[in-house]
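Per-chain numbering from 1; labels A, B, C and D assigned in written order.
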Amino acid sequence: MMSLASYLIISLILFVVGLMVMISRKNIVAILLGIELILNAAALNFVAYSRYVTNNLDGHIFSLFIIVIAAAEAAVGLAIVIRFFQIKETIHVDEATQLRN
Amino acid sequence: MFLEFLFISSAVLTVSCALGVLVVKNIMHSCVFLLGSLMGVAGLYATLGADFVAVTQIMVYVGGVVILMLFAVMLTGGTDFISRAQNLLGLAPSMGNKWTYGMGLFVGVVFLLTNIKLLMGLTQTLPTKTINNEFPSTVTEIGHLLVKDHVLAFEISSVLLLGALVGAAIIARPRKQN
Amino acid sequence: MNQTVVSYLSKYEFYDYLLALFGNNQGVLAFTIYFLLALIIIGMCATIGGLGTYAERKISADLQARLGPNRVGPYGLLQMLADGVKMMTKEDIMPFTADKALFYLAPLLCLVGVFATLAVLPFAGGFIMADLNVGIFYLVAISSFVGLGVFLGGYASNSKWSMLGGMRGASQIISYEIPVTISILAIVLLAGGMGFGTIVGQQGGLPHQWFLFHNPFAFIAFFVYGVGALAETNRAPFDLPEAESELVSGYHTEYTGMRFGFFALAEYIEVFVVCGVAASLFLGGYNVPGITIDILPVQAAQFVIFMTKTLILYYVVIWIRWTLPRLRVDQLMSVCWKYLTPIAIFNLIGCAIWMVVFNGKSIAELVLGSH
Amino acid sequence: MIPAEFDGLMPVVIFMGLAVLLFFGGHFLSVALAPKKPSHLKSTPYECGELPVGSAWSMFNVRFYVVGLIFIIFDVESVLMFPVASIFRELNDMGQGGYALIIFLSFISVLIEGIAYCWRKGDLDWVKSFQHSLKKETK
């Protein structure tokens, strides 16, 4: 029941769903949601390997830093989204066609 | 017994809420589904004995990232955006014809089956390690790792966060409308 | 490691009899014990929450030279039952513009966030439901559900008052979480562990053994924690999210009946939890002065001492509410970011330096020269 | 002795489950006991007797986001400080207190730089943040 494989399958599903969210949604905030799912899939893998394969806690440290970086990424990404909305009055990703206004 | 229960419920929560993020049109509801998915991942960490990482997940995501996302959704017009087609069916015509969809489905199924086959075989090939249900305290161990082995990453992460703070504050700061 | 009620009880002989009664199935027995104790704790906290509303009115009446509730039961003591019955029999109204799913979800998030904190609250030695070794960190993390519930409640109502209250509430709760967390960090640094068992065990029963008087920085940290905790639980003078003179009733303007009751219950239990945390972090927790033996009567005394400290703090919270005027919203933010957070960081640095310079000894130990 | 798997996590889950149970139980009671006489006027959002104009989901100021942003950075930094703080006493007893203090202080000093920057740039002011940046740009 609880084995390395089951954790990896859950992580795989999370990754694929995150990727599909990133591809199929046109709202930039939703794309950021997809990125969060993908980062979580990676962090879950690290912890699962740390318990079932290695004997140390390096995997925990890795997923700790993944969470830290995900938070920083969300902060900066959402700031960009807000700025984009102030300029373009929309957050449709297809409207983001210029590098500067 | 209890761990199995926790594992199954967390896994169901994680996967179903992730699917919810995908299919729900309303972006506000998507954020709440993301919250459920992240809580499920925290539960999975708990079943792996990673108590500190689980609580960190709750603290950073529930207390921080999800609230920030909700704020950003409110700032960018709330749910006014849902009039546009956002779900897969609404977007389907613009993404390709039946051949591309057929190819995509085929590749997806092959990818999924291959991965599941590989992962299923993984348990036999790995060195069998006796897994006991004793969860020793991870906090002191993580603390020692942070100040000894990973001290550089620990210090640099603070600089990274400072950079993120300054950069995001500059980008998001209200300025003169022109 | 994680000591819990069950692992504590398993030291006694009657645990074996119980185990035989349950057919040697430890999982079912542990579940039963936890479930019954959780029911008892929740019932107790709900009563304290209900009595809190009563005490609030009675104390405010005292402070304003009025009588307060005195019709229902002796001294108006049954007022809380009357309130509860009233809430249950009120019609449930939802604005037709509301986001229905989130409107249901918001009180649930508040309730889950507050109840989950009760699992680590140290009522007495051995009577901590789960002495997790991430105890206080877990408590800080899980109580951030409340901010989310407040925001979603304000958002889902789709009323302007609610929206303003919800936004104010969410930004206030998350802002004040920073000084509170950093003050707690100073105590974690002094105690050398995050579990409540460790933190309380490092202190003693007498005032000079408390972390409050451990060093000057911890003394200041207590007040930073107190102010921040008041703001985090939306109590006056920081009750801007529900300021009735500005926003009709804030984020729960549109909530009626039982759902409003859940918000109120969550708020009052959260005040209790915050007071309990302050008592166990700074005021010595459940320690009985001079006695360290581990027998049941001592534990009853420990429980009484913990509840006394907590309820005294509860009284102070109500007292503050009816004494101080409410802050303005810009003052609220500048109090948090320009005063409390720098002071909290200063305290943290001070505690770290104190630890190294004086080798972790408290003022009393330095002055009296014990051990 | 009892196995560790019954320790720790179970009360947390039980308390969460009880909160959900209480929520739905209260709802059930309320549905059973409360009167049900809906009318359109009753279910309009309360705006002091006036009919509401427009949706409430449009008014939002960017300063809420800036506060959330500063919060999340500090939150993450405090998360990283927790494990180091909890072994500080242990390191001090092992005679490595100075080393731990240097690491800890250099981490906090970056945190202080962050708050000093935000203070200087007026992000911590609630009302003035817009006027402040206007003044800067016109200078």
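Note that contacts are C-beta pairs under 8 Å (C-beta built on N, C-alpha and C of every residue); 3 or more make two chains touch, one makes a residue touch a chain.
Note that the coordinates shown come from a computational prediction; the quantities given were computed from them, not determined experimentally.
Note on connectivity: the fewest steps through touching chains from chain A to chain C is 2. Among the remaining chains, C is positioned farthest from chain B, on the basis of C-alpha centroids. Here the chain at the heart of the shown protein, by mean C-alpha position, is D.
Across B-D and C-D, the chain pair carrying more C-beta contacts is C-D. Separation between the centroids of chain A and chain D, computed from CA atoms only, is 20 Å. Averaged C-alpha coordinates put the centre of chain C at 16 Å from the centre of chain D.
Chain A and chain B, compared by their mean Cα positions, are separated by 5 Å.
In chain C, the residues that reach two or more other chains under the touch definition are 1-2, 27, 30-31, 132, 137-138, 155, 167, 170, 174, 177, 193-194. The residues of chain D that reach two or more other chains are 3-4, 6, 8-10, 55, 57, 60, 62, 64-65, 68-73, 75-76, 79-80, 82, 86-87, 90, 100, 111, 118, listed in rising order. Within chain A, residues 64, 67-68, 71-72, 74-75, 78-79, 82 each touch two or more of the remaining chains. Under the stated contact rule, the graph of chain-to-chain touches falls outside the line, ring, star and complete shapes. You'll find the chains touch as A-B, A-D, B-C, B-D, C-D. On the side of chain C, the complex with chain B involves touching residues 1-2, 27, 30-31, 99, 101-102, 105, 132-134, 137-138, 140-142, 144-145, 147-148, 151-152, 155, 167, 170, 174, 177, 193-194. Against chain C, in their complex, chain B makes its touches with residues 1-2, 26, 28-29, 32, 35, 51-52, 55-56, 58-59, 62-64, 66-67, 70-71, 74, 135-137, 139. Touching chain D in their complex are the following residues of chain B: 1-3, 6, 46, 51-52, 56, 59-60, 63-65, 67-68, 71-72, 74-75, 77-80, 133-135, 139-140, 142-144, 146-147, 151, 154-155, 157-159, 161-162, 164-166, 168-169, 172-176.
Across the complex, chain D is touched by residues 1-7, 10, 26-27, 30-31, 34-35, 38-39, 42, 87-98, 107-108, 111-112, 114-116, 118-119, 129-130, 132, 137-138, 155, 157-164, 167, 170-171, 174-175, 177-178, 181-182, 185, 188-194, 248, 253-254, 257-259, 261-262, 329-330, 332-334, 337-338, 341-342, 345, 348-349, 352-353, 355-356, 359-360 of chain C. Contacts from chain D toward chain B in the complex involve residues 3-6, 8-10, 13, 55, 57-58, 60, 62-66, 68-73, 75-77, 79-80, 82-84, 86-87, 90-91, 99-100, 103, 106-107, 110-111, 113-114, 117-118, 121, 123, 129-130, 133-134, 137.
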